[in-house]
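Each of the next two complexes has chain A plus one other chain: chain B in the first, chain C in the second.
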Partner chain A sequence: MTAEAHIFRLDAVSKRYGVTVALDNINLSVERNEYVSLLGPSGSGKTVLLRTIAGFETPDEGRIEINGRDVSSLPAHERGIGFVFQNFALFPHLSVADNIGFGLANRNDPLPHDEIVDRVSDIIKLVGLEGLGARGVGQISGGQKQRVALARTLVTEPKLILLDEPLGALDANLRGRMRNELRAIRERLGVTFLHVTGSETEALAMGDRVIVLDRGHIAQFDHPDHVYSKPATPNVAKFLNRYNMFDGSISGSAFKSEYGDLAFIQKTKSDHPAYAVRYDRVAVDSDGSAGKGPSLPANFIASEYLGSSIMYFFEAIGGKVIEVEHHLSHGAPKTFEPKKSYRLRWKPEDAIVFG
Partner chain B sequence: MAVPAKTSSTTAWWLIAPGVIWMTLFLVIPILMIVYVSFWTQTTFKIESTLTLASWQQFFASDTYITSLFTTVRIWLIVLIATLVIGYPTALYVGLFVKNKTLSTILLVICVIPFWTSFLIRVLAWRPMLGKEGAINIILQKFGIISAPIEALLFTELSVIIGMTQIYCVFMVGPIAFMLGRIDPNIIEASRDLGAGFWRIFRKIIFPLSLPGVVVGAIFVSVMVLGEFATASALSGRKVNLLGNIIVTQVGSLKWALASVVGVILTIVMGIVVALFLRIVDLRREL
Partner chain C sequence: MESRVLKPILAVYVALFILFLYGPFFILTILSFQQGPEGGPQFPIIEWSTYWYRHIFGLTEASRVAPLPVGQAMTRSLILAFMTMVTSTVLGVMSAQAFRKKFKGSDIVFYLIVLGMITPGLLTGLGVALVSKNIFNVDRHWWSTAFVSHVVYTFPFAFLVMLAILNRFDASVEEASWSLGVSPMRTFRKVTFPLIFPGVLSSMLFAFTLSYDEFSRTLLSSNEQTLPLAIYGTFAVEIHPNIFAFGVLTTLFSFSLLAVYAILMGLSVRRAKKIAIQEEIG
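After this line comes the complex of A and B, so read on.
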């Protein structure tokens, strides 16, 4: 693959704050015209990584290349990137149109006034803010502010746009709508989006590819369905919030846990042994006997109705909560008696084992 | 909703009542009294409530008084500009460039420390600084920059301006630093990311956002400088007479009517100045 196929590339980038390692030897390259989401729990270094690519932070080591050009020592505005802030960071004293036109009017080689007006009105149409150009940014809704923040960056025609938790400040309804819009806008313009989020559903739903960051290093960089069904490390499985995780160790062909030996078929190499099984791969059996395949006894606690599925919560020995998801398309929900013991079982091929 | 509405308006009335009573007793009534007294008849040893324009005519017929009106306005303008020129960069440093909140608070407190000494001492301390054999002259002579001491430093309009600028500068720094400290750092990063250089960011983002602070600071400084008399009498050797000095002199010789005339004129000048500043920004919206 040639260098030009990449919109940006990080080469052994590290960043420390005192003794804390924020970024640990990051190697990453992202292709043009791609929607990449960057997932990580708080403190994993995802915002630092984004700010380092943008040029708001300087890495201690390593090289950053954008558009095939080494930008490691260039300031933010010379990197040809756009940045969308979590709190939008709109200019509070300017109108919507002046906010959007700011970059064109105030860069070192400002565009002529007429051209700014044309380009601003084009982008206002593109993001769906018609008729709001003259409004103050204090007089528009959260979703509209988000659009202004995006338009302000898009109008300067960057090839790479970095979004720092862009949907975090919006309410749930709006978040869903803006997800679709962000994807649609990106596809229309053919730019690359790097979208930082702490929400696993958002990361999986939006990214063409997903980067999972864990304590300053990249744990996995793959298509969302691979990340979801084949997490590369126990921590990735944990972040996804879709797996029941068990501690223990591998011994021969079984995984030794406090619930006895759990069978599995394949294992993934990892320094930290763990046994994971997805919520929706666990079946509930009212017959308490062990039978065939991996299983464990647990008491029913409560259930939660989610519309298309229902979540059952069970308590295993030692107080560990085990979640079971039942898709309603697979049949009517079952009712379980609280505090009664059931047996949870799954197929050995559904287990993901690290060790 | 009639009942809650009534309750809330009653509550509102009780909340503003202390303020209204206080302002009426100690602001509105005294101002009306001053206006009234300015039309009283003044004789050498007493004052009568017979209405006359005599004191007003006396003020506008006198070159001394008219000159002092212009001196007051001139010194106010110079001090205002000086406090802004010195205060704004200071505020910019304290409010924006110092990222550490504790450090910026400490720096602001340092600005306020001179206020722990009495006003008169602060003013008089300028005498050994600016005098013919004062610190500044001695230092300049030691370094051979001047051969004879500069006498214009003390007991001139310049010394009054230096003294006032030093005393009132902090009232400019405070409000501006406050407004600058409220600017979201992301906004400045965003404008930098959009390609704007430092001066553009300052002109288009930082300065407009700090303007309410400038206006509040300017109002503080203006009101205090226009009503000043102590700095002028201590540092000008009675050569600079502001409207405030005339009021002090007239009250001292029991000329209540003329003192009231000057008081009314001073109040009108301050009213115009404050009104002009408030036209620049809508403070209620900005704060």
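After this line comes the complex of A and C, so read on.
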């Protein structure tokens, strides 16, 4: 791939705060016109990574390239990026329109007034804020603030926009709507979005590709379906919140755990052995005998209705909670008796084993 | 109940507090309406009159009581207070801005700045007077040595006010501005400064009033009299109610300064409140 295809590239970027390593030798390149989500638990360094690309933080080592230009030593205002904050960071003393036009009017080469007015009114239409231009930013709702924050960035026409948990401050309903809008706006303008989120559903739903960050290094960078069905490390599987995880060790063709030997077919190379099986791949059997294939006994605790599926919670030996997801399209929900023992089974080919 | 005991005690406490705070001014105001020129600065009031007010402005016939020699001193004091206000506030904003990032030796610098308001005024004044003449060979004047000692004294107040304001300042609006391609200098002017303006106003008020009132540092570091020195000077001769009348007028002046401050502050707070309330509704 030529350098032209990349909108930005990180070369061995590291950042430490005292003894804590926030970014550990990050190598990353993202293509133009792509929606990339950056997933990681809190403390994984995802916000630091974003702020380092933006120029708000200086890396200790490494090189940052944006649009084919080395920006490692450039201050934030010369990098030509956009940044959308979780708390929106609107200018409280300016109106909606002045917030949106702020960048155009205050750059080193400000645009003529008429052109600013034109561009601001265009972008106001694009993000659906018609009629609100004269309002103070305190006089609009959370979703509208989000749009102002986005419009303010879009109007300066950056090729790369960094979004730091932009939907975190919105309620669930609005978050769903804004997800679609963000994707639609991005596709229309052909810019690259790098969207940081702590929510695995958001990351998988929005990204053309997903970066999973784990304690300062990139654990996986792939398409969402691959991340979902083939997590690269035990921690990735854990963040996805869709897998029952078991500790233990591999011996020969079985995985030794406190629930006995669990069979599997394929394994993924990893420093930390772990056995993972997705919630929706586990079946519940009222017959308590071991039978063939991997299985374990567990007591039923409770169930939770989720609309299109139902979650069953079981308790295995040692108090470990095992979750089973039953899609209602696959049949009517079953009823289980609390505290009664059942056998949980899955196919060995559905197990993902690290070791 | 606890409040049954505590409430009267607190009431008495507050009453005493107010008495000591405003009592002297109240007496002073009454005495300033003493009859003149024979009436002295004590009770009883022989006859109510505005004689001493007219006396200050030279509107009375010549008498054995000389007019207050404060005209020039007041001009000096006002100019000096203004110069001090501008310098201390600029320094205060700049140094508080510097303290937003921890730098090497920031602790020591912090205490060095704050030291300016703790050191005994009379000795500082003496020190400034001696050092300026003997080491730098600079003559003592209200606009040179006294000005410096005023700045050293009021700068820490302005600095502390700005430090408190910037402590609560959300830096992400500045980062947002940079990310839009706006330089840090322009960001400060267009974003930071308007948002910290109420604090700047408070710093200005502090610096102005402290300087306008300053006595101990000015006594030895200035060759000329400022207003507090001039007033003190008249005590040495004989006290007439014209000083009280003058006291009332300067206090009214201070109140009008406070009123201007309150109005400006009210405007910016109201704007902030409007935003906050609508945020809650939204």
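Going forward, the second predicted complex is superposed on the first by the 355 of 355 C-alpha atoms of A that agree within 3 Å, B and C clash if a C-alpha of one lies under 4 Å from a C-alpha of the other, contacts with A are read in each partner's own complex, and residues count from 1 in each chain.
In this text, a residue touches a chain if its C-beta (ideal position, glycine included) is under 8 Å from a C-beta of that chain, and two chains touch if they have at least 3 such contacts.
Only a predicted model underlies this, so the values are computations on that prediction, with no experimental measurement involved.
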item	value
Partners on chain A (chain B, chain C) - clash or fit	clash
Which superposed partner A:V137 touches (first chain B, second chain C, both, neither)	second
Partner chain(s) touched by A:A76 [first = chain B, second = chain C, both, neither]	both
Contacts of A:A89 with chain B and chain C, given as first, second, both or neither	both
Which partner reaches more residues of chain A (counting touched residues only), chain B or chain C	C
Contacts of A:N108 with chain B and chain C, given as first, second, both or neither	both
Intersection of chain A interface sets (partners chain B, chain C)	54, 56, 75-77, 81-83, 85, 87, 89-93, 102-103, 106-108, 152-153, 156
For the chain A and chain B complex, residues of the former touching the latter	54, 56, 75-77, 81-83, 85, 87, 89-93, 102-103, 106-108, 152-153, 156
Contact set on chain A toward chain C in their complex	54-56, 75-78, 80-83, 85, 87, 89-93, 102-103, 106-108, 136-142, 149, 152-153, 156
Residues on chain C engaged by chain A in the complex (per definition of touch)	170, 172-173, 175-184, 186-187, 190-191, 194-195, 271-272, 274-279, 282
For the chain B and chain A complex, residues of the former touching the latter	184, 186-187, 189-197, 200-201, 204-205, 208-209
